[in-house]
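Okay, so chain A shows up in both of these, paired with chain B first and chain C after.
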Partner chain A sequence: MTYSDPIISVDKLTKKFGSFTAVNAISFQVMKGEIFGFLGANGAGKTTAMKILIGISRPTSGTATVAGYDIYKQTEQIKKSIGYMSQRFSLYNDLTIKENIEFFGGIYGLTSRQIREKSDALVEKLGLQDKFNRPISDLPLGWKQKLAFSVALLHDPKIIFLDEPTGGVDPVTRRMFWNMIYEAAYRGVTIFVTTHYMDEAEYCNRVSMMVDGKIEALDSPARLKEKFGVNSMNDVFVRLARNQDKAKVQ
Partner chain B sequence: MKGFIIKEFFHIFRDRRSLIILFGMPIVQILLFGFAITNEIRNVNIAVLDKARDEASERIIEKMLASGYFVMNGYLETEDEIEPIFRKGKIKAVVVFGPDLDRNLTAGGIAPVQIIADATDPNTANTIAAYAASIVRDYQADINPNVTLPLETIPEVRMLYNPELKGVFMFIPGTMTVILMLVSAMMTSISIAREKEMGTMEVLLVSPLKPVQVVAGKVLPYILLSSINATVILLLGYFVFRMPMQGSLLALMGTTLLFIITTLSLGIFISTVAQTQQMAMMMSLIGLMLPTIMLSGFVFPIDSMPWPLRVLSNIIPAKWFILILKGLMLKGVSITYLWKEVLILIMMTLALIGISVKKYAIRLA
Partner chain C sequence: MKTIFHLLKKEFRQIFRNRAMLPILFVMPAVQLLVLSFAATFEVKNISLHIVDNDQSSLSRDLTQKFLVSDHFKLTGISFSSDEALDDMQRHNTDVILHIPEHFERDLVRNQKAKLMLSINAIDGAAAAVENAYATTIIHDFNENIRIRMADQISLTGQPKVLSVTQSFWFNPELDYKTFMVPGILVLLVTMIAIFLAGMNIVREKEIGTLEQINVTPIKKHQFIIGKLLPFWILALVELGVGLIMCRVIFGIGVAGSIWVVFLFAAVYLLVVLGIGLFISNFTHTQQQAMFLSWFFMVIFILMSGLFTPIDSMPHWAQVITEFNPVRYFVEVMRMVMLKGAQLPDILPQLSKLLVYALVMNGLAVAGYRKVA
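So, the complex of A and B:
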């Protein structure tokens, strides 16, 4: 399967906080329907870059389009075309599943009939019928994450941004979560995901590695491993980070 | 937008803590301030040293007890007993009648009545002395209606707007401002901080909702709840404590709404700074509640503060609202006399909203 139709195009995107450059002239493209892994150590600038793309932060310079819309002028349209789920669980704990779905469907402008249909389908798929009117806080974390992901997909976004979606979740649930990601990708949703887990990087079509504000590598996991002559994405990551440290010493 | 407000009400009604703060506190505070914490005196224990033992002294004592302010605790025989009885602490005042009181009075002379009060609590002592003295004067006037009494001038003091000096009339406007401050400023800042803390704020900002809509959605329910609270307090004040309502009701409602909006913008301002609920709460309590209680003229009169505090009191919104409330309710002045206070509140609100919007823009950039 090849992807040739770019849905996110980033060109020399830069973000400075005072004298500190968090994102340093990064350029890349994400193709329609692909699962794009956005990797990097803590503080490498990936969250900052992502915030610019989802329209809650403005870049210092550079250009980018998301779903065909300009990140400077068309943030309204961008926000309607994307879904977002953060590392922190992002539904309301004191509301029931039903109320959460109604609320988030509502702010994305779905009609109450659409919301009803969607929530019926969703609850059936996740097998949550008996918990439909219970507060979210009653659910185990793994279920909450899956539900949050489904809610982020409620308005049929073209792209979904996932900011470390599996943080603090056990391996079995993580596996199930990735099944859901694949399912969404199969339906044509583009997935933009940041993660710390290098095994998850293997699930992506392509990954970018960010080190100190720059993208140091960008390719499919297989090609990256080949290029660095290692067996796992973990080693690719360590190799890249180490090179960077050496460069600093010199 | 409708969904947002519904959601906000779910948050409020499912959180027992916020429910108690919202509805329990105002009623408890009003009743506490109204009944318990007043600077009026009532049922003060007194003792009497009666050297006259004639009709006049008897009648004066009767009059004092009938007033409801004093309770007779016993008669003393000699001056030597006065000190010890004060030391015991129960007696707050001793009334001493000199010999031949009756004769002195009817002859138009000076009534030798001495009131000794326990001034370990100076405010109470003052009030007791004044009340007792006025009862004696009353009696004097009763028996000698035609005689202009003693040769020295007795200044006649008339207390305007609150002739009985009822403490509760001071406390209701004060409590109302404190409660509105608490409910509007603290609750909104906490509820916005909660969204930040839980990470849901980010989700809202990524959604097509405009930031203004997010803030409005958080604030509107509190405008409604604060208005209900203000109404309950005013009704309690009017029906339970017989608080007068001299001015225009419309002006009262309008200015109350204005003050609610001022406090809400304070809450929004706090939430642009505070990242966690804990921090929002501390900032509201220390930055808002304390100054509101201490410096607004609610508890301590502003005129008797040292000048730095007097200057500081001007930036406290509650001060101006209390002035408006007193003007409208007690003095019954028309709103046109209060234009300065109203204008100040409007300016404060605009400034706060302006700063918040600016801070918000910086955070987004």
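So, the complex of A and C:
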């Protein structure tokens, strides 16, 4: 399968906080239906870049479009077309699963009938029938993450942004989580995901490596491994991150 | 509209799910209203009185007697020297000294005038003013009796000149401080609930991270602010209703005017207070910051509201500041409507000022809410 239709186009996007440049003139494209891995060490600028793309942070310079909308002027249209799951769990812990679904479905403008259908389907798929009317705080973390992902998909977004969605989750649940990602991608949702797990990077169609605010590499996992002459994405990551540390020492 | 409905539903669910919330909303203010209404009294009782009677005449004893039968004074010392009495005051044993000079009776009978001196411990100025008023009233009464008695004697020879001034207090005939204070205290309680709930709310969502999730939805800024404002607006109005019922049942203070005028005014007033709360919430990052900032405003609002100290006696610059104090207007209007029976046209100046204030504050709250991380 090849992807040729860009749904996210980023050109020389820059974000400065005072004299510190968090995102330094990055340019890339994400194709429709693609699972795009957005990798980088802690503090490399991933989250900052992602916040610009989802319309909750303004860039200092550069341009970008997301789902065909401009990130300066059309942030509200962008928000209608995307789903977002942050690295902090951000459903309401004091509300039940049902109430969270009603609320988020409601503010995305779904009808009560759509909300009911969606929540029925969702609960059945996740097997949460008996927990449906319990506060979310009772759920284990892995379940919470799967639920948050499903809620972010409620309004059928074109693109979903996942910021370290599997942080702190056990390997089995991570596997299940990635199955859900694949299912969504299969239905045509574009996935933009950041992660620190290099096995997860292998699941992506293409990955970009961000180092110190710049994108140092961008290709399919196989081609990246070939290019750096290593066997795993882990080594690719270490290679790039280490170069960067050396540069800092010099 | 539907978005706002979903926000309201969610807020109410969270409020009523929180076990601590209902006691905070209803029990706490009820206790405060009860306790504060009895404690915030301007009445001064058990005033320690020291009498220096250098006359020892029947009239001086009459006067002394008049003080002793009053509820307000209790005799703590009698002496013949002012120095001794002042020493007593220095040791905080006495609040008021009545000096009756020698020849008091003689001067009074002969010259129809005599001098008395009151010395009042004015460390607490407000209490001193009240003590002075009580003592003056008693002396005034005494004076009146003497004139009548002497007039009887004089009437044999000529027409007595008896001129008396009677006082009557309107709207609060018994000068009961509770009538005066309770409506004001109720205002403060409703205000505190409103400003703290609203002030903590958005910032709490910032802290737990749910606000970021809201910010990536296509929700409109005004929808969000209305959705945050309405639940507390409704709760505060209910709270006011409960408070008014308590005023009626416990203190016997009814609303002399129309209850609808009270609620109409409260409805506009609460928009101002909640607007301030949401504004604070927008510009702070933690609940702690929001709490301190809310307190900063609350203390100024309370002490400059005219509830405890009259605004007229504040320096001019302070009076100007009170123009921006919404609590001042609500206290004024509550007293006007509850005690004087003021009607809607009477409170229009205050109402229109608050209407403008509400528009500005909520405009700022909407503008200040940025859908960014």
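Criterion: the second predicted complex is superposed on the first by the 247 of 250 C-alpha atoms of A that agree within 3 Å, B and C clash if a C-alpha of one lies under 4 Å from a C-alpha of the other, contacts with A are read in each partner's own complex, and residues count from 1 in each chain.
Keep this in mind: a residue touches a chain if its C-beta (ideal position, glycine included) is under 8 Å from a C-beta of that chain, and two chains touch if they have at least 3 such contacts.
What you see is a predicted model; the values in this text were computed from it and never measured.
For the composite obtained by overlaying on chain A, chain B and chain C cannot both be accommodated without a clash. Within the superposed three-chain model, A:R134 lies out of touch with both chain B and chain C [touch as defined at top].
Residue contacts after overlaying the shared chain place A:R242 against neither chain B nor chain C. In the superposition on chain A, A:I54 makes contact with both chain B and chain C.
Residues 54-58, 76, 79-80, 82, 84, 86, 88-95, 99, 102-104, 106-109, 135 of chain A contact both chain B in one complex and chain C in the other. The touching residues of chain C, when paired with chain A in their complex, are 2-3, 5-7, 9-10, 13-14, 17-18, 208-210, 212-220, 371-373.
Listed in rising order, the residues of chain B touching chain A in the complex are 2-4, 6-7, 10-11, 14-15, 198-200, 202-209, 364-365.
Residues of chain A that touch chain C in their complex: 51, 54-58, 75-77, 79-80, 82, 84, 86, 88-95, 99, 102-104, 106-109, 135. Taken in their complex, chain A has these residues touching chain B: 54-58, 76, 79-80, 82, 84-95, 99, 102-104, 106-109, 135, 161.
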